[in-house]
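Right, one structure below, let's go through it.
Per-chain numbering from 1; labels A, B, C, D and E assigned in written order.
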Amino acid sequence: MMNLFVLQLLNGVQLGVLLFLIAAGLTLVFGIMDVINLAHGVLYMVGAYLIATFAAATGSFWWGFLLMLPAAVLVGLILEFVVMRRLYARSHLDQVLATFGLVMIATEAVKIIWGTAPLSVPMPDVFSGSIPLMGPLKYPVYRIAIIVAGLAVGLGLFVMVNYTRVGMLLRAGATNRSTVSALGVDINRLFAVVFTLGAVLACLAGALVAPILSVDTGMGESVLILTFVVVVIGGIGSVKGAFLGALLVAVVDTVGGVFGPIWLREIMDPAAAGQTGRVLAPMLVYILMAVILSVKPAGLFGRTA
Amino acid sequence: MTSLTVRNLTKSFGALKVTDDVSLAVEPGEIHAIIGPNGAGKTTLISQLSGQLGSDGGSVSLGDRDITRLSMPDRVKLGLARSFQITSVLPGFTTLENVALAVQAREGSSFRFFGTVAREEALNRAALKALAEAGLDHRADVLAKSLSHGEHRRLELAIALATEPSVLLLDEPLAGVGGEDAETFVANLQRLKGRFTMVLIEHDMDAVFQLADRVSVLVYGRIIATGTPQAIRSDPQVRAAYLGEEEEAA
Amino acid sequence: QDVPAGASDDVLKIGLVYTLSGPPAALGEQARDGFLLAAEKIGELGGMKTEIIIVDDEGKPDLAAQKANELVLRDNVDFVVGPIFSNILMAIVQPVTSTGTVLISTNAGTSTLAGEACNPNFYTTSYQNDQNHEVMGAYAQAQGYNNVFLMTPNYQAGKDSQAGFKNSYKGGTAGEIYTELGQLDFSSELAQIAAFQPDAVFTFMPGGMGVNLVKQYSQAGLSGIPFLSAFTVDETTLPATQDAAVGMLGGANWAPDMDNAANKEFVDGYIAKYGAVPGTYAMQAYDAAQLINSAVAKVGGDLTDRAALHAAIKEADFDSPRGDFSFGKNNFPIQDFYLVEAVKREDGMYGTSVKEKIFDDYVDNYADQCKM
Amino acid sequence: MLDVNGLEAGYGDSQILFGIDFRVREGEVVTLLGRNGMGKTTTIKSIFGLVKPRAGSVKIGGKNLTGADPHRIALAGLGYVPEGRQIFPTLNVEENLRATARPGKWTLQRIYDLFPRLHERRRNMGNQLSGGEQQMLAIGRALMTNPQLVVLDEATEGLAPLIRADIWACLERLKQEGEAILVIDKNVDALTRFADRHVVVEKGRVVWTGSTPELLASPQVKDRFLHV
Amino acid sequence: MSDATATLTAPRRALTGRLKAALVLFVLFALMPPLAAALNDPFYVLIGTRILAFAIAAMALDLILGYGAMVSFGHAAYLGFGTYAVAILASWGVNDLVLQILAAIAISAIFALVTGAISLRTKGVYFIMITLAFGQMAFFFFISLSAYGGDDGVALMQRSTVLGMDLLKSDFGLYYTTLAILVALFVLCHRIVGSRFGRVLTGIRENPTRMEAIGYSPFRYQLTAFVISGCITAVAGVMLANQAQFVSPAFMSWHRSGELIVMVVLGGVGTLAGPIAGAVAALLLEEWLGALSEHWKLFFGVFLVLMVLFSPRGITGLLEKAGIARRQE
């Protein structure tokens, strides 16, 4: 039992890093630039489709990955130039409406281009094995690679946001664009670059998870809400918060899903516990968020403005 | 009986003690000025008095009622109102509506779901009067967000006046109000003197020394002196900490 | 009996209601394509000028109800065909059948409609939902498994599927768990499976969930444990899972490699036209078109005689790619069920393949409750 | 240095400026005077391109930059202390100073020497500063961009007399170092000690300009702005 | 005091401009069924009912979103309470619309009171997300409700009666009843918005600290508005259940909440009539574009983006530009 608990904890942490990888771009664009981009999920999906296409065309995951990057930059730049830059100064609701439109456009476009059947991305050979863990348990190498990638992205973001001029200017620009520009900073260009970076991060996440997750037209939407939950739980604008938020969500979800019913059985009769467990399990993440926000209304690391 | 009694009030932000054992007794009808260097804790003190900030220790009484635990709205209802140093108005409302809301609050009964508030003449008339007192009646129909800075400051004052408190806490009401107008402003406050008790924070020494009955000096969260304007003006400690030489020249 | 408004005109109007947007669109499209394939092959269904109206229910029941209303009240269709999902079926059954219009489900087969709420205007060319799960249960029972790990998503169909499995499987279980609907990552569940080392895993994970599970199952090195599933490893998910799914087992009423002339015509035609291997969704819709064709032809295009029309439908006089096909008293099919396995086909594509027959002329468990 | 000609501007339907003309030469200190709501801030904003001018021109160092993007104007050598401080609330004091800094003689150290208070509070978030501290920060932030012309819009509002005196001393020093200054402030008496010229704005028009001696000699202007 | 009279009449003029727009909408609604009948398309009456129900919900959301800056991303839950009130009461043999509405309102009021009280501790995006959380909890609760079909939902065998009369049996009856409810609720919301309470609510939206400083505790007003909005939305749910004759948790998924927000923003935030127009536009476009092309979502998306870029205040903004409705301020 203890073993399983530890293992589930580990799984939770791993899922957390995966979630953070997906949420990283959102942290940047939403948390720090203060732009609500519902299209973040579809960018993630586009990344997966891009790598699927390029990998299939070249027959290699790595070539697919390398080709995906410039394509992602292009997608980000176009999106920024055509739509997003007109939205920075607008209200959150306008951003919601416009990016909701973008979601519809992108999802439909993906459907037209790639069809509705899910696609497959081969796992790169170097990472395809799994290493033995305790007992009969094994751990896929590729997941370790994802964890490493997630940690690297997180660290990079953290340093960028908290210790570089770009990070300061982003935070400053999010609250007061005109003053920043009147002090001599080309805020439009800066936002364009950073939005594109966010888009690339989303695509990157999509590309990295493509070998283990289904590449289909719903993949963006299914993570969108979850990534928002992660960012909000951690506290908007905090990379550290998003990281811990992701871990927390994942651990609660994993461990709670498995052990919740077991613990419930301690306090009520098994049938009722099973029933209650089933009702509560899908709500866990939301209960977690509601509890955190009602105790800390600005998330774990959010600043009360 | 004093109007507002402050006993041993303290507040810390982390390691920083912003107000440190502050005690004050404000007499009915007086204008009590609080001066002190930037960051001394004046605004913090006002926020504690008005209930916007909680206190770590000490007590506040309005008349003979202990209000230490009351929320800001509850204190306002008992007659303790404030103005803000950094203008805080309703940007999307007209100047008149901003003030009318304050009048409405004073009258109570805002859980009225029917009737068109914009047509309540009594509200508007009272609001217009407060605007006139702040010299802003000619801008009644302008949205607050399109007022100039100085006009904002006047609106800030008009709102505070419209709540018709028994004790009014004014946080730098003159900041941003230009020369000639500042004089009318001071004259206005002079006229209001006696109608309510006022606690006045100002960095404009001309105004302070003209208006105040008594002056307290707050430095690093502590009151270092209280007295008549004359006494304070010539207090060497105050000169060194706050007034400097500028006042000598004046 | 009500004669629907469209019965008297001389066009045969058919409305297709499928989920054509969102991730399940892949299923809806297969069904639509299957139907259109038959319609195109036959030309004029039942010898009548045929008009087919395709609507997308977007996976939203209320919208589906409205679209169904639109089909019967505005477009005056003679038949409504569809949908994929049970909740959509529940939403459209009332608006369609209350006007006397015939509804043919080509996939969803909810238990209430098979039992107490069976309906003379409602037919299905698929199955009762529990049946595929029962196939797997029977197989597990036959293998003598005594320690099966059950895992399905936490919603009605998931619960039904565990119940269905246990209808025919009487052995012990290593765990019965419900995963979150739309779950991405199954590492936690896979860890439990690895820890319990069950005889087999039974699951029902439609769509993207299934793709994720299958990929991760093989990545976690669990391929040694038999993987029994329904609606998880099929022609709609195999293009994404590919080799990861090969060898996994499922229950079905048909597989594309069944050896009969009707099936050959269907599968070859489908591959030629759409470049993909058809799944059951396509096959069952294909049969719906054949069913309509046979029935309308029998009544000579006179759709106003409802009794004759229903009798003609009941006859089910067509060659189904799955072989034997007849209607039970609840208008659900009586058919054979098979154990199927995912394979890489000779043409390089992936598909399922019949491994053994599990049930012969199988009648669903709810037919008795139908008072019709 | 700065040459403003026939500037017209406004917000939405309402025109506020109706032709503003004045210039600031190298090393010169010029004030904008006028009652509340007369268009002083609007003038500054249109110089910086924050409000797009409808007519007229703004030349900086001889270059026509009318209605250019704000950052281009700032990069041409203008430093801005905006009205109402506009501190970045989510940055701490030091970050506020560093975020928009450009290299030059003003360094973090010099700012801290000028405002020791800021050094004490350097880890505080922008929105956790007293009003006066925010004002110091806004001035420091503008100086950190190392401009040739500093534009101060009510930069001493809310500052204690002692600090205000420090600011005047600082501006005088800046002037001695050859920097040009454009300043709006209600403490006109203090300005007369070192300002070279004054521009009086009324209802969006320049109604008077002159040197400090001329101002002191002109009774009605003096009456309005100097309360001696 | 000569300014005073001018001040007193100006807002009245602006309000009537907006009322006029609503009136035009309502007249069009009233004329639709006979027109549909004349065109031999009575079916549109059913679509119309659905639109009206969503219009009620969108308007209710606008009451808190537009006037109180409370962006509830869980409002579909109230739609759900309305629909399930019908289904559950019907299964107990209670078929009367009035009772069903009362039950829906009661349960919604309780839910709104509890979740609102917790949610209002937060602001902005945090508020959006915490309301989403509560909405999702309600959603999953109904999914697990096996007795009422769980995820599959239940079909309703008949429409509700109104005080014993079979008023809703015909599509026309249902349509006009829904329309009457919409108009009544519009008048109610309109009065609330213009009242003392409404002004306080809007003031809190603009600057809560200032409002506290003049003696209002924002919480009480916001919570009241939140509850009112939830209850009105539940009424929409009751009508929707009667229209679809089917009830399932799908009515209360977060997509629905999102769609309600889209309707409000599309129509024009803080205008009441705008969201009604928004609901009409969104649902009709879905209907028409859907008939035109399989890829209608592409066009719908483009439409939304263009709307935001070129008409920041939604449909209301478009009308104002065209001089049809007057801007209120």
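As a working rule, a contact is a pair of C-beta atoms (placed from the backbone, for glycine too) under 8 Å apart; a residue touches a chain by one contact, two chains touch by 3 or more.
Computed from a predicted model, the values in this text were never measured in an experiment.
Listed by label, the chains touching chain D and chain E alike are A, B. Under the contact definition stated at the top, the chains bordering both chain A and chain E are C.
Comparing the CA-atom centres of all chains against that of chain E, the greatest distance is found for D.
Computed centre separation for the pair chain B/chain C is 74 angstrom, with centres defined by C-alpha atoms. Centroids of chain A and chain B (each the mean of its C-alpha atoms) stand 48 Å apart. Chain C and chain E have centres, each the mean of its CA atoms, that are 37 Å apart. Contacts with at least two other chains are made by residues 143-144, 297 of chain E. With touch defined as above, chain B holds no residue shared between interfaces to two or more other chains.
Interfaces, counted as pairs of touching chains, are A-C, A-D, A-E, B-D, B-E, C-E. Against chain C, in their complex, chain A makes its touches with residues 3-4, 7-8, 11-12, 14-15, 18, 108, 111, 115-120, 123, 128, 130, 135-138, 140, 142-143, 211-219, 221-223, 253-254, 257-258, 278, 281-282.
Interface residues of chain E, counted against chain B in their complex, comprise 1, 3-4, 6-8, 10-12, 15, 191-192, 194-200, 202-203, 206-207, 209-217, 221, 224, 329. Taken in their complex, chain D has these residues touching chain A: 48-50, 69-71, 73-75, 79-80, 82, 86, 88-91, 95-96, 98-100, 102, 125, 127, 141-142, 145. Across the complex, chain D meets chain B through its residues 11, 14, 34-38, 41, 83-84, 117, 121, 128-133, 135-136, 154, 157-165, 186, 188-190, 224-227.
Residues 21-26, 29, 154, 177-182, 184-185, 187-188, 191-192, 194-195, 197, 207-212, 215-216, 219-221, 236-237, 239-242, 276 of chain C are the ones touching chain A in the complex.
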